Structures are given as C-alpha cells and as structure tokens.
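These notes open a run of structures that come right after.
Note that chain A is present in both complexes that follow, paired respectively with chain B and with chain C.
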Partner chain A sequence: MFVASYAQDQERLSEPDFKKEARARFLHTFAAYPMAVPALILLIVILLSAVFAPALTPYNPFDGVAAERLQSVGTPGHLLGTDEQGRDILTRCLFGGRYSLVMGFLPVAIATVIGSILGIISGYFGKAYAQIVMRTLDVFYAFPSILLAIALSSVLGSGLSSIIIPISVILVPPIARVAEATVQDIMPEDFIEAAQTSGAGALKVIVFFVIPNTFGRIFIYCTTQFSVSILSASGLTFLGLGISAPTPEWGSMLNALRQQIFIKPLLTIVPGLFIFVTALSVNILSDALKDALEATG
Partner chain B sequence: MSHILEVSDFCKSFLVKKRLLGENDVVSAVNHVSFHLEEGEVLGIVGESGCGKSTVARLLLGSIRPDQGVMRLCGKEYDMARVKSQDLADFRRAMQMVFQNPYSSLNPKMNVLQNITFGLTANHIPKEEASERARRYLDAVGMQSSYLNKFPNSLSGGQRQRVAVARALAMEPRIILADEPVSALDKSVQAQVLNLFQDLREQFGISVIFISHDLSVVEYMSDHIAVLYLGEVIEYSTAEEICQSPQHPYTRELLSSVPQISGSAHLRTAEREPPIELPSPIRPPSGCRYHPRCPYRTERCAQEVPPSTAVGPDHIVKCHLCGN
Partner chain C sequence: MIRVILKRIGLAFLTLFGVTVIVFALLQMMPGEPIDSIVPLDASDALRQAIIEKYGFDKPLYVQYFCWLGNALRGNFGNSVSDNRLVLTIVSEALHNTLILALGASIVAFLLSIVIGVYSAYRPKSILSWVGTIFGIGGISIPNYCLSLILIGIFSVTLHVLPSNGMYFSGDYSFSSLLRHLILPALAAGAMTLGIMTRMVRSSVAETRNRSFVTTLRAKGLSEPAIMRHVLRNSFPTLLTVAGLQFGYLMGGSTMVETIFSWPGIGLIIYQSIFTSDFPTTQAAILIVAVIFVSINLIIDLLRIVADPRLRK
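And now, the complex of A and B:
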C-alpha cells in the first residue's frame, strides 16, 4: 500500500513543478541575500537614468553657464551642483553613465567569450595545449594589470575602443584561469567519459556536457569582473586616456573636479559616488547570484 | 558458441613519479591480461580494490591506451596500442559501458530522453528513431516513458542506474561492459539491478562483462569468472568451477572472505598470518605476485613467475602448486 502510494506521489511530481520549484528556490535565495534587492533596484535605476538621460534633465551636458560655476551640492536647480565650467553635474553624471556602463559591460562580455573559450579548451584537452595557452596567459600576470591597460590604451590612441580593448585584454587571463579550473573539476565525472565513449566528437561533448555544467560558475566569476572593469575604465579616463575632454564620463569628471578639491570638496566626490555605488551594487548582485545558483545546483 | 571478444596480452603501466636517477616509479596496473567472451554469456571479473579491474574496463573501451595488447571484437582485430580514432568509434558502437556511480554518470543538465539519445544522434541516428529507441529501452529496464522528461536529480540511485543501462542498451551494442554497476546502490536496489541485467541478457542476447569486487554478486551473474590479482588474471574458469573447486590460494581466500550470515568470517581473517594488505604495485613482489600473502608459499614462488596452466577443461590457473 505504502509503496504504491509513494510511487504515485513520485509520478505526480511532474517536471514543470520541479522546474517551478527550482526557480522559486533561486528567487528566494537571491532575495534573502543582504541588500540584494536594493542593489538590483539601484542598478536598474542607474541604467534607466543613463538610457533616458535627455528626458530626465533640462540641461545640456556640454553647455555651461559661466555665472553659475562651482555651485554647491543642493543648490536649487542644480541638485548636485555645477562644475568648473558651470555645467550641471547631475546631468553630466546621467549622460556619463552611458559611457561608464558600456565601458564596464563590454570588456567583460568580450573577455568572457575569449577567456571561456581558451579556458574550456585547455581544461578539456589538457596536456600540451593547456600548457601553451595557460603559460602564455601567465605572461600577462607579470605586469600589474592597470599598467598594462595604460600602455595598451596609450598605444591605441583615443576613442571608446582604446578603453574597451585594453580592459578586455587584462580580463581574459583571470577568466580563462577560472574556466580552466572549473572544467578540470568536472572532467573526472563519469558522464564526460560516457559522452566520449558514445562516439561523439569533442565539440559535441564540450557543447552539451562541459559548458552546461560549468557555465554557471564561470558566469558568476565574470559578473564579479564587471566592477573591476568599471573601476579600471574610470581609472584610465581619470588619467586622460581614451575619452577626450568635453565628453561626460565618471572617471574624467572626477579628474576635472579634482582641481577644486580645496574649494568645493563635496562636489569632487559626486562622480566618484556614482562609480562606487554602481560597482558595489554589481558586486552584491553577483554574490547573491552565486548563492542562488549554488542553492539550485 | 563463438568468441565475440578476445583480449590477448593487455599490458598497461602508469608513470607515478619521474626520477632523475634510476628507474622511474611505474605502476603496472594491468599485466599480460588475456581472456575471451562468448556470444551471449556473462563474464565476471573479480578482484579486490586496486587490482586493476576498472583499468581493464577503460582499456577495453579505448579511453586509456594500453602499452600493448590485441583485441578481437566481432571478428575484427584491433591493435589497441596503436588504434586509430576511426576504429575507436567503430568498436565503441559494439561495446557500451555502464558506470559504477549513477550519481556521476548521467549529465545533470539533460533530461532522461536527452541523456539516452545523445550517443545515438552523435552516431547519426535520426532523431525520431533515437527517441523511439529511448522509449523502447526505458520500457525494457522497467521504467515508464513518463520519466523521459525528468532530470537525473529527481531520480533515485536505482532509477538512475536503470537509465544508464537503458542508455547503453539504446546503442544496441553486442557487449555491455558493467564496471561495478551495483556497488554504489543499496542492497535492496542491487538485487533489482542485478535481476535487470539477467532479464536483459535473456531478452536481447547481449554479452556482458561484469566487473565487481563482490564475489557473491559475480557468482550470481556470471557464466565464467576471471579472478584478477595485482593486474594479473590468476584464475579463469566457469562460475561453478571457481566457486565449487577453486584452485588458486587467492581465489580460496576470496571465497572464504565472503561474509555468511551464520559464519564467522572475521575470525578466519584474524587467524591469518600473512600480511592482509595488497602489496604495492609500484614494486610488485618477485616471482608469483601473490606469494607474500600466500599461506602455501615455497621458495620457488618467490623466484619464478608461475605460468598459466590448464588444470581442467576451461580452467586456467597461475600457480606453481596447481596442476602438477
């Protein structure tokens, strides 16, 4: 009797229920992480305000009013004050988000693709191939990564690509390392050997067996690199690389306002605050995602 | 009956440590192993852990390359040390493996249907036929087709092992290689899976190589038994012969260590004088590899490697004391 009813229960727990349950557990673990939901909301707000910047502010980010230079934070009409040319800082930060977020996201996306491919292939094939790839990537660890980025960026000249390419380059080695280690972790599993001995080629085994079972962990690591990317990009533009003067961008704004630090100390912090809040939110989100993925398995 | 599989003189050693001076540390995991399998029969390979059972399985599948060895499968001869990838794909279609741990042998990101059909579509079998076969063989292992869209993590160990068996069957191989297929399962489930193997063998006439450390399981399953000790086949015969009149001292030792409900196996092992643990395969004992543990050892055992001698029809033993 008992056995029969148990079997029926098993039968009733059909697959959609199982998936729904997994999704519910994912969302629950994610939301339970401290500050995960506020961080998510904050990031969405920053993203949307960058996208819809022209609709949100009456000012132009390039036109300053000379009479209204260096207004304090909280001045009516200029909520976050004005800079040394009399331009509204809030407006410039909103527009600047467009550049900063792209410079945070694109290098991570590029490095994730290249780094994962290199790492997965070395992890899967091992031996000489892994030695060649991984030891070549180790060369990049010989330089402090930000110095390498500065050198590459100054060679590439100006423009958005001279920020995105160097940062992609410095992100590839750590992502490839994590991908390689993750793949090596699952290689002893029997299902890999089962797939290999079923007569499938290496590409099929990688696409259907290796990637689905490693992607979560690699992806989580990549999201932590998002804040590294934003900070590096701001660092490069702070140094005057890549983005040229009138273009609003958090890093270069920070540099311009730096000169006013003794006159209006509060003003100089504002673009830095945007960088800080964005990077922090992304880090909290990736930690929460990691917990949630681990809980769902 | 004809030999569907003949394995002759398989050797494999693994490099453990490279030394600057002197000889490298090498484990000879499999040492001149030969056996054959007849159409439709079950061959049991038995031995304690570390004796090279799983290495034999991996050598047969070609996932490890042996140092030497020739395999004759369905009338075709393969030199396993120099086998090409085309040949590998060829004989892997004829031989499928069921792994020890069902919790690791199924891809957790694929449902049962995808797990079973992956190997089929990889071998260019059309999708419709592949899912038709998945349905048929899942039914053959006693699971309803409602399980097809379930994922492995919602299945029990026994169910997973059934799926793994169905996956192997779906390739319609001539031989199934089962590497300790029940040792990761509960006793009650073990019986189910063992009976499943028996049923399938009757139903499909498949030959089975059944690897286990558990002599009672192998005895129940097999027509022939090969006893492996430190990478060598030390006794080969029919299951009946092995269990009724074992010749090699090690086989006797194995048989007497099978715990009986009423018996007192622990007493018997405590009385033994020779060392209990397996000697290091890095420096295997001289002469007969079993002699340090053997209660009947003589001077000769430490010096000469015993030849394989036939002590009866279908009964081969590697021991100085047997056969003369």
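And now, the complex of A and C:
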C-alpha cells in the first residue's frame, strides 16, 4: 500500500511531467495577460513583413514618381500615402523594418552578453572586482543615456555600426547592474556552497549553477530593454545620425517627412506609428513574460 | 550617518572624474583635428607647427587632459566656433530654458502619475486604473519625437490652438505666452516619465500594501487613511529615486523634443553644435548636463539617507 502510493507519487512528480506542468502554467499565464497574444501576433506580422518586404509590395523603396508626391493616407494604390519624393510609404516602412528591427534587437543581444558577463562575474566574486566594474559602469550612469548615445554616434560617423555601438554601450550598465543583483541574491543559497565545497571551480559553478538559476530574471530584464533600444536607435536616425538619406528606416523617414507636418499631418506620423506599435508590442510581451515567469517560479 | 554621507559624496566626485575622462576622450575621438578650425588651410608648415605648439597640441595627452580640466573647472570652455560667443554664456542660457521645460514636464508627469498610480494600486479594477495601464504602457512605448509630431498635428495644424515652435510669440514675452509655448513640448517630453512613474508608483504601492506590517497595522485597528500614510511613507524612498532620475533625464534627454519644437534648450544646442562641428559647445554642454545629472542623483541619495533610517548604516 505504502509502496504503491510512493510509486504513484514518484510517477506524478517525475521530471518530464513536472516540466510539462510548469510549461503549461507558463503558457497559460502568458496568454491570460491582457493583449499578450495580439501583441505577439502583431510583432510576428511586423517581423515577417520586413523579411518578405520585396514580395509584398509592387513598388521599389528608392524610386518615387514625382507626379505622385505627398498623396494622402488611403489613396488607392498607396495605402499609407506617398512621401515628399513620391515614394510609397508603406513600401518604405516595410523595408524600413529591416533596419529598425535589427537596430532594436542587435544592441540588446550585444549588451545582454557583455552586461551579463560583467554582472555575473561581479556578483559571483564580489569585493574588489565588483567595486572596480560597478564603479566604472557608474560613470556611464552619469549621462542621460540618450545624450551619451548621441555623442558617441556623432563620433563614430555614419553607417549602421554608428547606431548599434552607442546603443549597446548605453544598455550594458543597467543590464550588468541587474545581473549583479540577481547573482548576489542567489549566492547565499546552499546549492552554491555545496557545489563549491564539493570541489567545483568558479567557472563550473557559474556555468552549471549560477547561470541556470539567474538567467530567467536577467533575460526578462533584457526584454524590457528592446523597446529602449528601438526608441533610442530610431531617435538617433531621426536626428540624422548614422543612416543617410535614401535608406528606408523608420526614424530617418520620420525626419524627412517632418517638414510636411503643416501640410499632411496624418501622413507625417506614419513611420512613427510603426516605431510605436513595435515598441508597444514588445513592452506588452515583456510584461506578460515577466508575469508568466513569476507564476512559474 | 555622516560617514555614509561623506562616502556617497566621495563616490560622486569619483564619478565626475570618470565623466571628465569620457568627455575628453569623446573630444579626442571627434572626426577632424581641432587645429584645423584655427589654422587656415593654406598656412605654411612652420606657422602650423607654431600654432600647434602655442595651443599645446604637441604635449602628451594626459598633460592636455589636465589643462583642459583646469580650464573646464574655471568655467572656461572657450568660444563657440559658429558664432564666437562665449560657450559658457550659450550653455547657461540654454540650461535655463531646458530647466523651464523639464519643470513643466515633470510637474505634469509627477502629479498625474502619483494620483493615478496610488489610486489604481488601491482600486485595481477601476476605470482610472485602466487609464493608468494605458498611460503606463503607452508612455514607455511612444517615441517622444513621434508624440511631438502628433501633438503638433492635432493642436497646432488642425485645431490652431497652440503654437508649434519657439518659447515666446515675437514681441510678447509674457508668462502666458511662455505657458502656451510650453504645453506641447512639456507633454511630449513628459510622456515617458509619466509612463515610467505611473507603473512604478502603482507597483511600489501595491507591493507595500501586501507587506505584513500593513496587516499588523490593520489588525491593530488603525484607520485606512492612517494605514495609507504608512504605506506611502514606505514607498516614498523608491519613488523619490525614480523621480530624481527622471528629472535628470528631462534635463538632458529632451534633444528630439527640443529640436522639433525649436525650444532653445541644451538639447537643441547639442544637436546644432554636433551638426556644425562646434566641438567646444558640444563638450561643454555634455559635461554640464552630466554634472547636473550626477548632482541630482547625489541629492536624491542624500535625501534617501535622511528619509530612510535603514540606509544610515
């Protein structure tokens, strides 16, 4: 009797089942978050339409028809109107997504790697090392981040890297801080001490025990930085940094169109709405992910 | 407590030292040689050499750094390359204008976010809480440069009720003229702050309300308003930090908004100086913004130490 129920318990709690249950709860909490599923779908649509832009539109993003300049939003044939050179705005926005999404994503990826490494090592070793790293990163906190990005970008000249590098630089310090704090939280746990006393080296403890137990929280924080990244990156190109004129990119398109605000206000803000909707979807997703991760524990 | 405060002030000076190094490094990395803006292109090599020596460009970098630092500490940033006025004059005028914008933006954002945030932490199912959610997520998602254009599109172009650029109507330097020019840029610049603060206030107050000391207070029979006072007192240090940081961002981070509205503040100065290669102005503006930012953070931390006995150890 006892043996049988013990076996049942074992069966019920066997690892694959436990994982499956956790995953189900994760997905359920995620989907229950208001607007999470629509945001996910929207983001996938934006992503796919950027990837398959050439197949989706009959127009070329660089060639305009002078006679069709500044057509209103909703003009047949030009759903979102045409810009000051007669180019189809929808087409340019679809192609623009390629640049804007890369400029939103890449800095987060770069900063996540660098920031996590710096933060995890400071959190793990503490003391002098943490002091040096964290106090150095404090210096970057002395600037309003967008200002530092503008200054760095203007120094780096033109090209995609003059956007990606500055944004990565401003994202590293906050990610490192969160990583350090997260690691510090789990350092007093018994399993860390157990691993250390059983002879595992620092690298092994970090790779097999620290990272698996902190990755979720660090990752969630990094997802919140995606919108910071895309807003700042498009902000730089809006100011005319990094990306030069004919290239379709949301920020620089907004900059080019802004002269038309007094003639066609609705038309002018179209590229800005693409930035807004993307950032909005990502922020909703990251909130939903956070909820789901907290529910799963 | 004195020790903690002194330590924090020491840290601020260390950070400022780092800031000067970064700004100096940025200056060195700027494309083009600084002497090219002084020496005529057709100058002889001997003249060129003489000028290099006169300005100390042949000295080692660390000597140049300390000379530059010494001048900066005395407020001597040289003259602007574009209009030959003293950089310090240009920057301090701009700073004054940015302060007006930052105050306008933060007054609206702080008041709204505290009211909405506290209320929705107490009544999560109310309409205002719903509004708070939209402000929260919308505020952190909308680019301030896009919001600026939307506001101009609605209030200046379509409704013709508010002006879309500058600080005053020409010839009319009254307060009401300033106020009408301030509304749109302040809303655009403050939207992000409103979003961040609303989320922050709500989660912080909601979290504090769930702490066990609140249950204890309630069990002891304290009235709801008295409990609320304790809850707010406990979330206050966190909110103060975020508010301070946000004000700092508004002081230095409204470049796009100032550019769109032609608001003659520090952000516009930085934007213009970068595109006219006016290095002395760029670096002075960035340095001064960083000093203000560090000072605000320092003041906030000191206030927290005073407000929160746990931080005094």
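Assume the second predicted complex is superposed on the first by the 286 of 297 C-alpha atoms of A that agree within 3 Å, B and C clash if a C-alpha of one lies under 4 Å from a C-alpha of the other, contacts with A are read in each partner's own complex, and residues count from 1 in each chain.
Going forward, a contact is a pair of C-beta atoms (placed from the backbone, for glycine too) under 8 Å apart; a residue touches a chain by one contact, two chains touch by 3 or more.
Owing to the predicted nature of the structure, the values given are computational and were not obtained by experimental measurement.
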Following superposition onto chain A, is the placement of chain B relative to chain C best described as a clash or a fit?
fit
Look at A:Ser49 in the shared chain and tell me whether it touches chain B only, chain C only, both, or neither; answer first, second, both or neither.
neither
Applying the document's definition of touch, where does A:Gln85 land relative to chain B and chain C: first, second, both, or neither?
neither
For A:Thr197 in the superposed arrangement: first (chain B), second (chain C), both or neither?
first
Winner on chain A touched-residue count between chain B and chain C: chain C
Of the two partner chains, chain B (first) and chain C (second), which one does A:Pro144 touch, if any: first, second, both, or neither?
second
Calculate the angle at chain A, using C-alpha centres, between the directions toward chain B and chain C; round to the nearest 10 degrees.
90
Please indicate which partner A:Thr223 is in contact with in the superposed arrangement: first for chain B, second for chain C, both, or neither.
neither
Overlaying both structures gives a minimum C-alpha distance between chain B and chain C, in Å, of 9
Residues of chain A that lie at the interface with chain B and also at the interface with chain C
none
Okay, in this complex, where on chain A does chain B touch?
11, 13-15, 18, 189-191, 193-201, 204, 208-209, 212-213, 297
Within their complex, state which residues of chain A touch chain C.
34, 135-136, 138-147, 150-152, 154-155, 157, 227, 231, 234-235, 238-240, 254, 258, 261-262, 265-266, 268-269, 272-273, 275-276, 279-280, 282-284, 287
State the interface residues of chain B toward chain A in the complex, per the touch definition above.
61-63, 89, 92-93, 96-97, 99-101, 104-111, 118-119, 122-123, 146, 149-151, 153-154, 164, 167, 171
Would you tell me which residues of chain C are touching chain A in their complex?
11, 14-16, 18-19, 21-22, 26, 29-31, 133, 137-138, 140-143, 145-146, 149-150, 152-154, 157-158, 164, 248-249, 251-253, 255-256, 259-260, 267, 270-271, 274-275, 282, 286, 289-290, 293-294, 297
